[in-house]
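Going by the order they are written in, the chains are A, B and C; count residues from 1 in each one.
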Amino acid sequence: MKPSTSQLDANGRLRHLLTLDGLPQATILALLDRAEALRAQSRGGTVPLNLLRGRTVMNLFFEPSTRTRTSFDLAAQRLGAQVINFDIAHSSTVKGESLLDTVHTLEAMHADAFVVRHKESGTPGFIAANLRSGAAVLNAGDGSHAHPTQGLLDALTLRQYRPDFSALRIAICGDIRHSRVARSDVHAFCALGVRELRLCAPPELAPDAAEFPQCRILNDFDQAIAGVDVAIMLRLQKERMQAAAIPSEAEYFHRYGLSTQRLARAAPECLVMHPGPINRGVEIASDVADGPQSLILEQVANGVNLRMAVLAELLAAKA
Amino acid sequence: MKPSTSQLDANGRLRHLLTLDGLPQATILALLDRAEALRAQSRGGTVPLNLLRGRTVMNLFFEPSTRTRTSFDLAAQRLGAQVINFDIAHSSTVKGESLLDTVHTLEAMHADAFVVRHKESGTPGFIAANLRSGAAVLNAGDGSHAHPTQGLLDALTLRQYRPDFSALRIAICGDIRHSRVARSDVHAFCALGVRELRLCAPPELAPDAAEFPQCRILNDFDQAIAGVDVAIMLRLQKERMQAAAIPSEAEYFHRYGLSTQRLARAAPECLVMHPGPINRGVEIASDVADGPQSLILEQVANGVNLRMAVLAELLAAKA
Amino acid sequence: MKPSTSQLDANGRLRHLLTLDGLPQATILALLDRAEALRAQSRGGTVPLNLLRGRTVMNLFFEPSTRTRTSFDLAAQRLGAQVINFDIAHSSTVKGESLLDTVHTLEAMHADAFVVRHKESGTPGFIAANLRSGAAVLNAGDGSHAHPTQGLLDALTLRQYRPDFSALRIAICGDIRHSRVARSDVHAFCALGVRELRLCAPPELAPDAAEFPQCRILNDFDQAIAGVDVAIMLRLQKERMQAAAIPSEAEYFHRYGLSTQRLARAAPECLVMHPGPINRGVEIASDVADGPQSLILEQVANGVNLRMAVLAELLAAKA
């Protein structure tokens, strides 16, 4: 097994997008700028572009997903690419074919990009390291490792409202330990020079402090949210609640849910974000999710533009 | 929860297609005319049109369906739209996301139309009433409420053979009580001024007479079919047979099936229709379904043209 | 039920592709040549062609498949056709609609081609014989009967390395009795005038000698591979191993697996092929599958080009 590959080539150009860890600030800013440009060019997705005409994008989702798969699908289609949605349930993994044999087979049919979601951390990197063609791998979420397009679209969304990251205090709250979104957000916000980053979780779901030397780690949400400019709430997986020794959803909401009352402890006009899908009344109250400070649907809209930018960056240059 | 929305805007223009109930005759005729025009322009679906280039149509089928989903898919593709087939089994409804959160998420990615099939009556109307964008909702069948494109394509098909509705006596036979097709057919045919409309069902599956003041309701099929110009047979759901206290498929066919002998009681050259998929030997004999008076496959062909017309009407005007 | 139809019209032109049995050499060569031409024109699948613009290709896969369905999907898309992937699990076969009713319904929506995979031998031919339109049927594998595009792509791949078939000795090894691939390969290679063809299988999985008068049938793999120029290994279905009274995968590999040692008994530079997906360590050793003599991924790449050629041949001429 070849070791995981670098996502940058010898000239520092992006070849794959596997993680935001170590991605230079300039690369991140270029992707955000390109997303804004593509949003304007495509007029919010209503004018088809031809940038990826003749390109083939293959969505390999080994975990179910609505929003991320559809977002990548639309992004690729709106750039003129051909999209193959690889249905894992009907795939020959059924017949016991190995992951790499499947990938090499699809490469042989000519694929320009693989968009990969997998429950095992490192799978997209493993695929990237073992490719035999010049195809690009886009990590669409792997285990608890990374979800780089989510980190980038969160940064893009935030920048539209608060362009000066050096002034921002951000709290991320929920199951930090198992969250690929939290990791990619931390890498994006740190690269962009955020002022302060707090991670809040129940003790059992808190990360190792050593992994996040740039962050304050807290167990008390009232303390974590005090005075922040942005609150990012994470989805609670039901099965984690037990691990956290929290007896009920009501109890989780009581301790770690973002209610209007709690939001009042943050800075005025504190922005609220969530990668979705939300659990109403668990990690976030409905009136907060639907309220004027919520950017949740802006995140979704920006997701398509950001994924167009990543696909364009990785594929258009090869033309 | 907002109440169900009107499908017509202040100027009487169609904004959604939720039901044929109350739809003006002029609106119905305009859709049928447009379907004929698009059939000619696309030469039966072989010349791609660009009317909906840059538009995104999302098929949300919460119930399995071959013909209706494929028909909408082809209609949208042949008009140049991008189509997303939302696979419910793989959707984040898996993760417990609410219906409206799913819809709002997809709206945020920019959807011009949602084609919705759902087993609960009223779901498309509920979605339409709660949209946050200018997207259109097309009801592709909801519970026992309505299947408006089926009603329109039945009218379109019939008009090609019998343009004068005021001369037509039509019988619809089967499980009227639970049939969205029957309801939409009744609304279409009444709006177009049909001479006589008979609804025939086993007593347990007959509708409340109050719901259909324009129709004669009968339990005897021999009586219902006598002298009619058109017989529309409905698919029998196996689980309804028990409710109707009918012991076997053979017995259902004996009492309510359309055989050659029974068809002979109708007017000469009586036309035979069925929304499909058919149960051969249950509600219709094979030789009738495949015979010269059957319009079943013409209905299917017209379905694509009619759905092109509805999509064009709802989306092209917004350009 | 109409009898199976001929795949050639009165002028000897291909109307369907159901089997390679009886297909003239000139027809086969024309398809291989067209595949090469399309590969060049599309520059390996990166330049979209418009040959099938306005055409509708429907993939009807009644058996799961990754590579074959994706290969046909890409082939059709790269020629500019619209593709409908008919999801059998969600289809109205669920509702008990017969196969032919489904096909006639899809025909009525206008389909130019049906690509059919089915576990029952003869299903594509049965569909072709019962069509009501001018649509073409492409057999994508039916039971143990035929897999004609696989036979053609194997011939195409082999021709790129060894253009003179009259010099070639080929061994096909595995479950010959149940293999549609073996049958289509035999028909292709015999039509192209191969020098010698050996079929090797465990006794219980060997075919009737009468079916393959042109071939030597052997049970001993060491004998079968001796001196051959090409070894084609077949996938072992796990459930067949029991029928063959072989106690384990290791034992199958010991007797019938292609190891480096065994490959050394063949002619120098013997080519290795496999239709995929491969069972590593069962019918083929990993180092052979991934070694320099293996054409497995070339087969996959050629599959798309060959399927483009068949679609173009069957559909473009009708324009």
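Keep in mind that, in the parts below, contacts are C-beta pairs under 8 Å (C-beta built on N, C-alpha and C of every residue); 3 or more make two chains touch, one makes a residue touch a chain.
It should be emphasised that the depicted structure is a prediction, and the values quoted were computed from it without experimental measurement.
If the chains shown are joined wherever they touch, the resulting network links each chain directly to all the rest.
Judged by shared residue numbers over all numbers used at their interface, chain A and chain C contact each other through mostly different positions, with under half in common.
For the pair chain A and chain C, the distance between C-alpha centroids works out to 41 Å. For chain B, the set of residues that touch two or more other chains is empty. Residue ranges of chain B in contact with chain C, taken from their complex: 44-48, 61, 64-67, 69-71, 73-74, 77-78, 235, 276-280, 297-298, 300-301, 303-304.
Touching chain B in their complex are the following residues of chain C: 53-56, 82, 84, 86, 90-98, 101-102, 104-110, 132.
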